């Protein structure tokens, strides 16, 4: 892991309050990144924001030497980040966390199940799975039509289903409704999104091996402060989301 | 002695900079960023007698120029720390300061006894943790209780004992004097201020524990004030902390009366912060007319 | 009652927002920026029996997300305040809260007696000023002394008395309960935390007084924590303050248990801040699902 | 007095760590300004810097609708301000303080005596005096040659003498040495600079009527917080630098 001052290449609002940001990162660093990892971002230069913000890696381009993040403007920190302009610097810890270990899995077809700001990390994962000739089906859930992003990108990876809570786009309801409705399945599933969604997915797909990416409030982002823990399902010990995760096997930790 | 060196009970420090307890685990993670041998010392995460899982999450919250934490002393227990964690630090050229916590005086004693079998240079006696239901903070707010824990841990320990003071008290000088009289070899101060943030959406305190400990630049003025007052009232050295993030901050702590300075929250903002400070400190000392760290200690007092 | 209205002893507030004492003088200067009738109330600068010139300068210092002040109760004395300062505020449609300070219990009593001849709606009893050599803070750190001052001022005063609590104590609940039992009609909290900044060039505390009072967003988590704890322990209303600068902050104070909210330091950053907050508050209440200010008071408590 | 968000027109380093900043301000506001007044500037947008910074008004241009400030990079706040770029916004309280009351004075010739960052406010004052056909002689003190600024500007107002502490430019020594050396005098003097300089000037020119502009650490900047006081010479009362000053008559207040 490194701390780098990187230059912003592009900033674009691609859906409601949803920012796509491209950042210049060297090939050397990009080549270490695994899908599912995240960066830990400093907000502003001074002391007002002492904690970094964790944002998943959505995509990277080795040739252009860029990294893509997609984040939602949620509170003051993401609002500050959204105001950054091309050629300004951004300070990152990169890469953080374990990522999805896809080298070890044997699968013909997998499901990518994302909700809201859980969608971005699945994109780079999907690209990597596609490179391994694994068939990818994506199920993406959003609040409303105004929040939908990256549908076309996911379509280029395989069949893509959209669910919106209010039914203004795609199927009305949750990602689990889509799974039911279209009878979707795979040898594995990979999921990222709000905890209630992860729980529903874990329950629905209890017979399928799966990986879940978790969110927790963080301090250090590197495993040193014990802020971001999650209990193992046996209740006996804690895992750190920033270091042991953010990706865990289904049924490994308490949701 | 070198420009940056400081000699304290049990601690021959090549420089006065060390990470603060709980903000640096046992060093492994930060060793990715720089060679830990560069540090003056390291204050490792609190040890209790048995393994503790700590509080539920959320355990941290951001505040303006600071943060709240309520980790709740998660740690694998003192034996596991001695066996699994401390050996990693032996490869580095630095004295290690263990942080001792507990819910009862007996637990404090027991942890200190266990640590006899380890390679530590000093103990930081944490009687000021605001984030556990039992133990922790009340040991640090009553001078008699603070003195008693100090006495008992001193007797159990094989290394010098630095008592970590809570800032959540009416009269910090009284507590400092009580633990000095009870045999403390030094003081570390300050621990976090008790604070709270409320989640407007959930309509409840954001931290699952309710209250948490406030740290970071926000609390620096309180730390400086307390160190300044205690320095005038005791004859044991003080390791200062609370909001330090650059070498100028370190000099301010030295002037207030600290002999060494720990850095906590700022590690999260900048994982290189301790290393950066060590690089900058000689220049900052010179800029303000000091020949060495020891030359600056206590020099902010009006009659110094 | 309207969405923003709150009714407290002596204070029929059209909204819960008021400038904090010492940050708004007697209103004249800020009346250049907006119509003071817009405010819920105004807490004017402290009054002592006789004129005081206060401390030497520097009297303020900036800190991260906060500031230190050691004004030292400069004021023209209670009679001059009644004659020369308070009449200006009569043109505005708001209840005025006088701030009563002193070095002895007798002085507190005398100031409160003089104020019988004025047009104020309530007294804020300042037993927590950290910036004067005598009086001030010690009245606010000992529950018995705090209760005694409260009793005597209550007897001398013709209007409800709100006691302003110091955060520089081990147990704020104990003090709050003591002054409640002594007859306080309400509490205002928190006053400033005692802090210090050292001038690296001059090698002495930056403020001429040495220590000063820390205010601003830096202390908000401490204020929220103390209000939360006191709200559960007393039955009199609390006017909250400490680091407020927007309507979300106000809602956080209401959820913690404050019935009204004062704004201090933020006036210096933005002279329109109280007016801006009053404009934003209805929207922020709605955004978080509250129908009115009274609807939100205390709703951040887990079992509220 | 108003709080305004103004646009920056130009930022230039005109001497060592000395920034000249031009700001767009409307004619209506400019027309209220008296020489010697100051603006009270917000640093950054967030909470890190809660106190504004007082900076004297150096010049204004009614036609261009600009205000000119000159300030030295001293600590973190002025460093942040120096990083602002044209078209960015700056938040000011304007105008603050009383200024030099030049309408009431009767004089044929006056001395302007400035030291370091006390020089800027004397420039607009000099322009106003010149409009009244009063002869202006300027004595400006700086640390060293690298710090000297606005010499030509002052020369356009009248005879201008420079002193530097280290003798690298103009006369070696203090402004009072220049006064001695050249035997300068006037019916009035106007002085602004560090307190030791003001004291020396007040003593040297004890027979001349004068006005001094003072500096003090400020909170509100408008007279409401009692941070910025100075004792009257009788020791009986306080004056506020931000409201009763920053300009005081010589021998009115304790230095």
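Labels A, B, C and D are assigned to the chains in the order they are written; within every chain, residues are numbered from 1.
Definition applied: contacts are C-beta pairs under 8 Å (C-beta built on N, C-alpha and C of every residue); 3 or more make two chains touch, one makes a residue touch a chain.
Since we're looking at a predicted model, the values are computed, not measured.
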Subunit A to subunit C, fewest steps along touching chains: 1
Length of the line joining the C-alpha centres of subunit A and subunit B, rounded to whole Å: 36
Centroid distance [mean C-alpha coordinates] between subunit C and subunit B, Å: 33
Computed distance of Cα centres, subunit D from subunit B, in Å: 46
Per-residue multi-chain contacts in subunit C, two or more chains: 64-66, 217
Two or more partner chains touched - positions in subunit A: 46-48
Topology of the chain contact graph, where touching chains are joined (line, ring, star, complete, other): complete
Interfacial residue positions of subunit B with respect to subunit D in the complex: 64-65
Subunit A residues within the subunit B interface of the complex: 1, 3, 42, 47-52, 77, 93, 216-231, 237-238, 243
Of all residues in subunit D, those that touch subunit A in their complex: 44, 46-48
Of subunit C, residues touching subunit D in the complex: 22-25, 28-30, 32-33, 45, 53-54, 57-62, 64-67, 69, 71, 74, 216-217, 245, 265-272
Touching residues on subunit C, where the partner in the complex is subunit B: 63-66, 68, 141, 168-170, 193-198, 200-201, 203-205, 210-212, 214, 217-222, 224-225, 228, 243, 248, 251-252, 255-256, 288, 299-302, 304
